[in-house]
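What follows is a pair of complexes built around chain A, which joins chain B in one and chain C in the other.
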Partner chain A sequence: MTPELLTQIAALKPEIYLTLGIVLTVIADLVFGVRGRNLVAVLGLAAVGMALWCLADPAGSHPERVFGMLTFDGYARFFRALIISATGIVILHAVVFRGMENVSRNEFVPMLLGTALGGSLLVSTDNLVMLLLSLELLSLNSYLLAGWQRKERRSSEAALKYLVYGALASAIMIFGFSLLYGISGSLSLPVIGAGVSAAWSGGVLGTTQLVVIVATALVLVGFGFKIAAFPFHFWAPDVYEGAPTPVTTFLAVASKAAGFGVLIRFLDAVFLGEALNAEWLPRLGHVIAVISAVTMTYGNVTAVLQRNVKRMLAYSSIAHAGYLLMGVAVMTSGLDADIGLDATLFYLATYYVATLGAFGCVMALSNRFGAEDLDDYRGLGWSAPFTGAMFVLFLVSLTGLPPTAGFAGKVMLFMASLDSGLYWLAVVGAINAVVSLFYYFKIARAMYLRGDSKFIAGIPDRGVMVFFARASILALGVATVYYGLAFDGLKTWVESALL
Partner chain B sequence: MDILSLIIFSPLLAAVAILLIPSERKDALRTTCVAGALVPLVLATKLWVDFDTTVASYQFGVSIDWIKSLGIQYSLGVDGLSIPMVWLAALLMFIAPFAAWKIEKGVKGFMLLLLLLETGILGVFCSLDLFLFYVFWEVMLLPMYFLIGIWGGKRREYAAIKFFLYTLAGSVLMLLGIVALYLCVRDVTPTPFSIPVLSEMVQSGQVTGANLINGGVLFGWPFLKWVFLFFFIAFAIKVPIVPFHTWLPDAHVEAPTSISMVLAGILLKLGCYGILRINLGMFPDIAMDFATIGAVIGVVSILYGAFVAMAQTDFKRMVAYSSVSHMGYVLLGASALTSAGLNGAAMQMFTHGTSSAMLFLLVGVAYDRAHHREIEGFGGLASVAPVYTGITTLGFFAALGLPGMSGFVSEFLVLVGSWGVYPVLTSLAVIGIVITAAFLLWTLQRVFLGPLNEKYKDFPDVDKREIFTLVPLAILCVLLGVVPQILLGHMEATMEQIRALFG
Partner chain C sequence: MIPLEHYLYLSGILFTLGLCGVMMRRNVILVLMSVEIMLNAANIALVAFSKYLSAGAAESVQLDGQVFVFFTIAVAAAEAAVALVIAMALFRRLDTVNVDDVANLRW
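Up next, the complex of A and B:
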């Protein structure tokens, strides 16, 4: 091995630790079986911890581009940090999740690590083949995880639905890729960008332009599926509801982050890299703005009708995809791309904190009280004061009220869209915040306003892992308030992640 | 720590202390809440004494960089417009735990939320940075939602979420307005959220929105006009001004007594305060364009509120609608843009704060004993509860603006101030006074006079705790009616400065 190869491999340290984690957890499962439950979890967490530690290592100790396919820039680091840390928290919750007692949790951990590995590579690559491979690594693992409770009808249904929709979306996207390859003769995104912009140079709308439009549309279908944007969201509610809650959490946070990570890199490399026809880029921005408005409105309005909390949060996550697309729309609207990207990443970080926390509370309440539907939540705030209060805090953040991080995120998005002249989109976003309050507070209403305020013990939760799961909820809660009141640090971090 | 921060955050500290007290120790919780609310009251009184009445601009100012990347500052200060409100808020929030003493359900949560609410309210009145202002403005909503929703009456769920949704709908528009202003000035000033800086820049014509949009015109209107409108809608919902008032009767009626008192006494004033501070103080030119419309909806509110109040059979609902009517005077006075009108509007905010708080406490007294609020269901209470009758009469007189009571001075100032500008509208507003007198006296007659309703022959008179909550407010109603200068002296300089903006 040449020293140069070694330094390149050093850039892959986080991924190597994840892979190592997969191997070790599988071995531990083989050796200890069910008795090794906590060991497997600890090994998984250790792998995640090591990966995060390597990420926190200041950049510069390794080259940014590796093997001509991966770019480990600040942007990739931002997304990898989100995806991998979310994986850690999900493992923590999965170990103590009662809903999964009848199924093996030991194989669950390596599967989850594999998903994180896929996501982590997905957001780092600018090569179509690598992109496809890592996307499929992420997706295939997700399909399996969604159906983890084999004997549960809903879980199996979720997995099947996810698989069928996902395969279709992948197929469409690959077709789009093939067209892009046809235009540019390359698999590398920057070269494709050059090819696309050359294809435009004709000026009049000819066949080549048409091919670019079709290819873009097809690729966007694939990414739209991953981030659950309207009209490619159909799988999300059923999958979110049917999948075991830890998996739902992972899909809502890590998988969505990965989807946005690759979508933005794709748009940036192909459409923003070379000076594209100034007339056409804003049109792409407008298309995304419309998708954004429809997605958030659809997600929010439909969420109002839901009775199952997980399903409600699924629609909420569709709505948040709409919000995130707001920033992407600004990015592609032809003005300063950084404004939109900045807002999107910032919002994603705040969404990450609040959603992880909210699902953590869902799992905690499900463990103790078996609560699934809104009606099961009646009066639980009085019996579980800590979880209840934290849940309200995360809901406030998801709605976007101060003093929480979600508020800062919404301010950034509104700022970006007003700045770029998308006034109508800002107003739609603002009105959507009001709608979302209505259903988020259905949960608060059930927990505090309904039922008698008596103490119900439920099934007490004890153990070291439960303690750490709780601590993670508390940490997320503190982060929610902290980044709502002092978001300078978060903003600086996000700025270091701009493309 | 400076005095304003202490005033704002001492309730928050008490809230933290309450978290640590076990929920069975109810009296300890209540006492802690009272103590936590006493500190701001004492400090606000000191503030009132130390306040220099000759200075029109902000006093006791603090400014610390907060979020540097956006130029947001932690910036506080009070002037003649906000200092009466700070003191009133501190007083009512001190009375509130006493009014809620008998609540047994979830005392810990109640007292905790009450203190959080106080921090939010005081923060809004002291903020000189729009971002900080907005944070405090929204921080109030959450405690209010739970206070109405958990401890309210039968339709509490509906009332609580309605209040929340209405207010939020307004405030997201305000947020867009704040962000738009920021984008207009961010390249020109290092503190693009500062209220004094923005006011000065808007008034000197430096803010047009032309850097955002060509010519500063958006959908046919000047950019700033939209910003003005967004702010105005947010405040109009909070006041509330007809037609945005429908949340008010529900929230006031369903909320527990202490919370109705806080709602009517202070929360409505936040809307008025915003209109005076932002709409008038920051955008005088646009405010002039809208003044006539403001006066018209003010008078509509006065008349509509009064007529609807007269039609109510529910005691509390009647008081709630009378608030809509009384808030109309604030808008009318503010729209007159004259010295008397502005002073009257600002004073009406204070006097209504005391008199409506009193009325809600009085309704609470009746409800605690009779467990209903039907005006027709009482009768002849004067013979069994003389003290209660006496205080109620005083409260009613203060509310209907009897000479010698505080309400008279403020309504008189409003009418004097607006007469020269809108004679027709002012005449119509006078009709409102007559109707208010009519329904209040009619209610007085039905509840307290006439033959005693046999059901209530053992109706206990007000007890010491209730007297303790009512007396300070009653004293204020009389005192300000006789020597309004105590209050006006503090306000005049600032109100004159605002008036001067209109040439």
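Up next, the complex of A and C:
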């Protein structure tokens, strides 16, 4: 093997550990069966830990291009760290989740690792073949994970809805890929970018330009589905409510992060790489700004009407996709791409911490009390002091109030959109933050101010894994406050990830 | 040689038919078959582009598109397998594969 090939393979280490984790957990399941439940989880966590260890290694931080298809730069590193660490926390949650006690959890771990593998390749690639394959690896595993509680009607239904919408979105996206290939004669995103900008060089709106517009729209349908942006969000509330809570956590955090990772890389390579006609890029930015405004308004307003907490958080995650798109709109508005990208990634990191924590609390409460509806949440803040307090903290961060990380994230987004002249979008965002306060506060009020719980004590959780799951929630809570007060550290990390 | 446009018309027609099928069919299996038709529309376009991009350029034959088609076919097969598993699981619970009956979750 040539030394060059060896360094290329070294850059793939996190993915190799994930693959190894998949193989070992499958073998452990075959050998030990149900008895090896904790062993499978520990193996999965070890694979995740090793992958994160390799990502944290400063020696591997310089950009590396592997097999002409994957680019492991700081940007990919940022997203891979988010996706893989979220997977670790989801494994912890899945092990303690009561709703999955009567179905096998052993196959769950390798499938989750496979999803993480798909996500981490997805954010690193700039080739359409690799993009398609890693996206499908992510999606197909997610469909099955959503239907994991196969004895529950809701779960199977969620899987079916996710699958039908997902298959449709990816078919539309692949048709868009075929058009992009026809325009540029290549499957590599930078070359497609060159082809697209050559198509615009005439400056008039002819057939080729129309094809470019149609192809871009078709591809954005696929990405819009993954991030649950309006109008491709239909699946999200049903799937989030029906899927097992750990899977919901994964979809809301890791799958969404992967979607944004690939969306931003696509836009960057195709529309920002080559100087596109300066007249047209801001129009793309405006389209994304409108989608962003509609997405966050729709998500927040509909969330107010919900009674089921998981469903409410699903609409909240649609709204947050809108906020994140705000940064993407700034990025494509044609002024300074870095401000928008910076704000998006920072917001994604704060959203990651708060959402993982919030869904972790939802799961802890449903484990102990079987509570999922807002009415069941009455008085739970007093019955479960730790989880209740943490939940409120994460909700404060999701609303964007100080002293949490969510506040810093929202400030950065609004500053970015003011800087780039999207004043109306900043106003819409600010109004939305107020609307979101209303329904997040509804959860907090139910937990603390609406009288006593109808549950006496619930079923207390015990065990080592429960301890670690709680510790992970505590760590996320500490991170929320810490990065709310000292966000410079997070900001430095995010800036190392700029494209 | 058949002009490129004819392939693209065929591909566009198939894509539209598939999309209409997804919208109008109520049986899950037929919905998924319509999705397969849409995927094949993309495949036809890819192969046609691949052939016409390499026409007249002997030294740089454009095979990317045809390779992509193979991967699309493989992905479609995997998707069909997953789809049938999920449809089976639901059928066992509900005795139906009609998407209108699968409406327990509503806002």
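What we mean here is this: the second predicted complex is superposed on the first by the 490 of 499 C-alpha atoms of A that agree within 3 Å, B and C clash if a C-alpha of one lies under 4 Å from a C-alpha of the other, contacts with A are read in each partner's own complex, and residues count from 1 in each chain.
One rule holds in what follows: a contact is a pair of C-beta atoms (placed from the backbone, for glycine too) under 8 Å apart; a residue touches a chain by one contact, two chains touch by 3 or more.
Quick caveat: nothing in here was measured; it's all calculated off a predicted structure.
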Practice item. Could you classify chain B and chain C on chain A, in the superposed arrangement, as clash or fit? Key: fit
Practice item. Please indicate which partner A:Gly74 is in contact with in the superposed arrangement: first for chain B, second for chain C, both, or neither. Key: neither
Practice item. Figure out whether A:Arg311 sits in contact with chain B (first) or chain C (second), or with both, or with neither. Key: second
Check your understanding: Looking at the overlay, what does A:Leu140 touch: chain B (first), chain C (second), both, or neither?
Key -> second
Check your understanding: With the C-alpha centre of chain A at the apex, what angle separates the C-alpha centres of chain B and chain C, reported to the nearest 10°?
Key -> 140
Point to revise | Contacts of A:Ile172 with chain B and chain C, given as first, second, both or neither | key: second
Review point. For A:Ala486, is the partner it touches chain B (first), chain C (second), both, or none of the two (neither)?
Key: first
Check your understanding: On the overlay, how many Å separate the closest CA atoms of chain B and chain C?
Key -> 24
**Study point:** Footprint overlap on chain A, where chain B in one structure and chain C in the other make contact
**Key:** none
Check your understanding: What part of chain A is in contact with chain C in the complex they form?
Key -> 128-129, 132-133, 136, 140, 143-144, 147, 150-151, 153-154, 156-161, 163-164, 167-168, 170-172, 174-175, 177-179, 181-182, 185-187, 237-238, 241-242, 302, 305-306, 311
Review point. Which of the residues in chain B come into contact with chain A in the complex?
Key: 66-69, 105-106, 134-135, 138-139, 141-142, 145-146, 149-150, 156-157, 160-161, 164-165, 168-169, 172-173, 175-176, 179-180, 182-183, 212-213, 218
Review point. Which part of chain C faces chain A closely enough to touch in the complex?
Key: 11, 15, 18-19, 22, 28, 31-32, 35, 38-39, 41-43, 45-46, 49-50, 53, 62, 64-65, 67-68, 71-72, 75, 78-79, 82-83, 85-87, 89-90, 93-94, 99, 102, 104-105, 107
Review point. Given the complex with chain B, which residues does chain A contribute to the contact?
Key: 382, 392, 396, 401-403, 407, 410-411, 414-415, 418-419, 421, 423, 426-427, 430-431, 433-434, 437-438, 441, 444-445, 448-450, 453, 485-488, 491-492
